[in-house]
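Multiple structures follow.
The two complexes that follow have chain A in common; it is paired with chain B in the first and with chain C in the second.
== the complex of A and B ==
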């Protein structure tokens, strides 16, 4: 069995930032990612970020990704295993890893940071399993990372930020967005993004939902229908749209398999994306020495994922003795200031409350123990 | 599919120039065998992006109802896009890079192992 100080599972913005931070204080870090390159979802984010300058506002995801990579490569304390999937973990902080073409490797870690990200949620309707129905993020990945336009006439389901941002990116990629469906009577995205697609001539259908996807082997069309205040279809309002791609921008779930396997406790908080590993304000779970950061601790954005990564990284390094209690506190407060700042927008209040509820649950658990 | 049709599809799905990402950096071309057909892709492509670039959307058929499946999450998390690659079934094509000479097959049901020498 190989012995390591800090093992980070997932090399997205959260995992990379955690690694850079912990290594900065001298800890030895191993970052493992199953992809052939790190960056997680960052390299597909070609829109400009919000927030203050400190949060890299105005920068696009892929250039932030490049900066993080540069820092990783410069650091002598960071080791990177790519093409390696972590398939097992236990309370003793032992990990089972499958590097490509190399059998299985066992690692014993002092500290583990799980930064595995999220998966897109689906909604279910007849034909949802046809090729040509996919996550909006999947289409984004194909376009912005692999330079493939997965459809030419697109129906987007969901008018939140992801729905409108990716609709706009579909237009940039050369597709026609035939419509954006929204089941609620109000639109969900930030005004700037919504305005951009409106200016591009994309119609919003609301309150509408999808009735079925049409096609034999692939999507050839979609039937949509208006819904009433009870979310029931209104007969006679059906419209058939000719599309070859149906994208779902209907939310994310934290990717928590490894956390479940590690035996840590969970708390159900819908505002954070559902079942989330119970954690404190240092991002430590109920299994001592196992931390979480980024989307796995509650669905947010790349900017918050990076700050959370730093938070987990600082505390993991501190608990290994690399920085003093006082220094850890100073650093933690600085990060919290930035996090609070990032969570101060009108749309972020739910997530902020969700986080506060989570810390309360963690502390209750400690008292009961 | 006749050649001109295929070429048209390939032309339509590759994003050669992009307002933010710029011109496509063409890497080395590789040759793949997809269901017995010789196809081209670029080094750095995932198998899934090579499939789309060659106008193919159906990656496998389910075991029980023989329903078509294809790309769904594109980040290796849903296993909808699995195919048989060089005789090994259940390969997640959206996170597996192409290699020159790769043999890619539409997977039927759970697939079958046909491990050849050297794999």
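== the complex of A and C ==
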């Protein structure tokens, strides 16, 4: 069995930031990612980020990813395993890993940071299994990573930031976005994003949902219908749109399998995206020495994921003796100030409330073992 | 933000909404020459415009979710703020450009890019074609990081309506 100080599962914005932060203080870090390159969503994100300078605002996501990767490569304390899947984990912080083309490797970690991210949610409708129906994230990956435009005429379902940002990127990629559906009474995304797709000629349909995808072997169209306040279809309001791609941007669930397997307690907090490992304000779970960061701890943005990664990284390094209690507190407070900034507006307040509820639950019910 | 606003139901702010929130420059301010128009009317955590403005004309302060406020007497219309805005919500407008024409400098992130002297179609906040526009400058400086600044002149008649051009 290989021994490691800090093992981070997931090399997205949270995992990379956690690794950089912990290594900065001298801790030895192993980052494991199942993909062929790290960066998570960052390398798909060709838009400029919000926030302040400390949050790398104004930079495009892939530039942030490139900078993080550079720091990882520069650090002597960070090891990177790509194409490697973690298939098992237990309370003793032992991991089973399958690196590509090798057998199973066993690792005993002193600290683990789970930064496994999230998975897109689907909605189901007749024809949803036709080729040409996909998650908005899949379309974004095809376009921005693999340089393949998955459709020419696109229907987007969901007007949250993901739906509008990816719609905008589809237009940049040369597609026409025929419409964006929103089932709620108000549009979900930031107004600046909805405004930029509107002036690019994209109509919003609200409150609308999809009735069916049309097509024999692939998507050739979509029938959409207005819904009432009870979310019931309003007869006679159906519209048929000629599209060859239907994208769903209908939310995310935290990717929590490893956390379940490790024996962490969970708390159900809808504001954070459902069942989330119970954690404190250092992002430690109810299993001492196992931390979480990023979307697994509640669905948010890459900027908050990076700050959370730093938070987990600082505390993990501190608990290994790499930085003093006082220093850890100073660093933690700085990160919390930035996190509170990011969660301070009316658009983001529900996540702040969700987090506060979570810390309360942790303090109520936590029995560290 | 009220939920039945045009912004939250149709996706774009109306001129009335912008004016109501008090961040839209006054007619008096527009008469002085080129100034920035910041159509950022939701309290989101973001402040690169404030940091970029070398004249100190844009104020957000703390908390970071404050709406940006423009000091129109300090703003020279230099256009540095445009590409710094991740929301593409800032443009420069100059009512004094010429007797019959106004100037707008707006962010543009589509290909192909227009050429200087090219005639294009100017669009409003809803994306509707309103009038002809003429491109007089295409600024793709490295510092803009691929948010290209297009300078376009158009009829003063539609001064407040025009925010961009139709994609080529």
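We adopt the following convention: the second predicted complex is superposed on the first by the 366 of 369 C-alpha atoms of A that agree within 3 Å, B and C clash if a C-alpha of one lies under 4 Å from a C-alpha of the other, contacts with A are read in each partner's own complex, and residues count from 1 in each chain.
Here is the rule we use: a contact is a pair of C-beta atoms (placed from the backbone, for glycine too) under 8 Å apart; a residue touches a chain by one contact, two chains touch by 3 or more.
The structure displayed is predicted, hence computed values, not measured ones.
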| item | value |
| --- | --- |
| Contacts of A:60 with chain B and chain C, given as first, second, both or neither | both |
| Partner chain(s) touched by A:138 [first = chain B, second = chain C, both, neither] | first |
| First, second, both or neither for A:344, with chain B first and chain C second | second |
| Partner chain in contact with A:217 - chain B first, chain C second, else both or neither | first |
| Which of chain B and chain C A:105 touches, first, second, both or neither | neither |
| Chain B versus chain C as contact partner of A:96, first or second or both or neither | neither |
| Touching partner for A:187 - first (chain B), second (chain C), both, neither | second |
| First, second, both or neither for A:82, with chain B first and chain C second | neither |
| Contacts of A:172 with chain B and chain C, given as first, second, both or neither | both |
| Chain B and chain C footprints on chain A, overlapping residues | 60, 172 |
| Chain B residues touching chain A - in the complex, by the definition given at the top | 12-16, 18-21, 24, 45-46, 48-49, 52-53, 57-59, 67-78, 94-95, 97 |
| Chain B partner contacts - residues on chain A that touch it in the complex | 34-36, 41, 46, 60, 62, 119-120, 129-135, 137-139, 141-144, 146-150, 152, 172-174, 217-218, 255 |
| Of chain A, residues touching chain C in the complex | 47-53, 57-60, 63, 159, 171-172, 185-187, 190-202, 204, 206, 341-348 |
| Parts of chain C lying in touch with chain A, wherever the complex brings them together | 1, 3, 7-13, 39-48, 51-52, 63-65, 84-89, 109-111, 123-127, 145-147, 163-164, 166-167 |
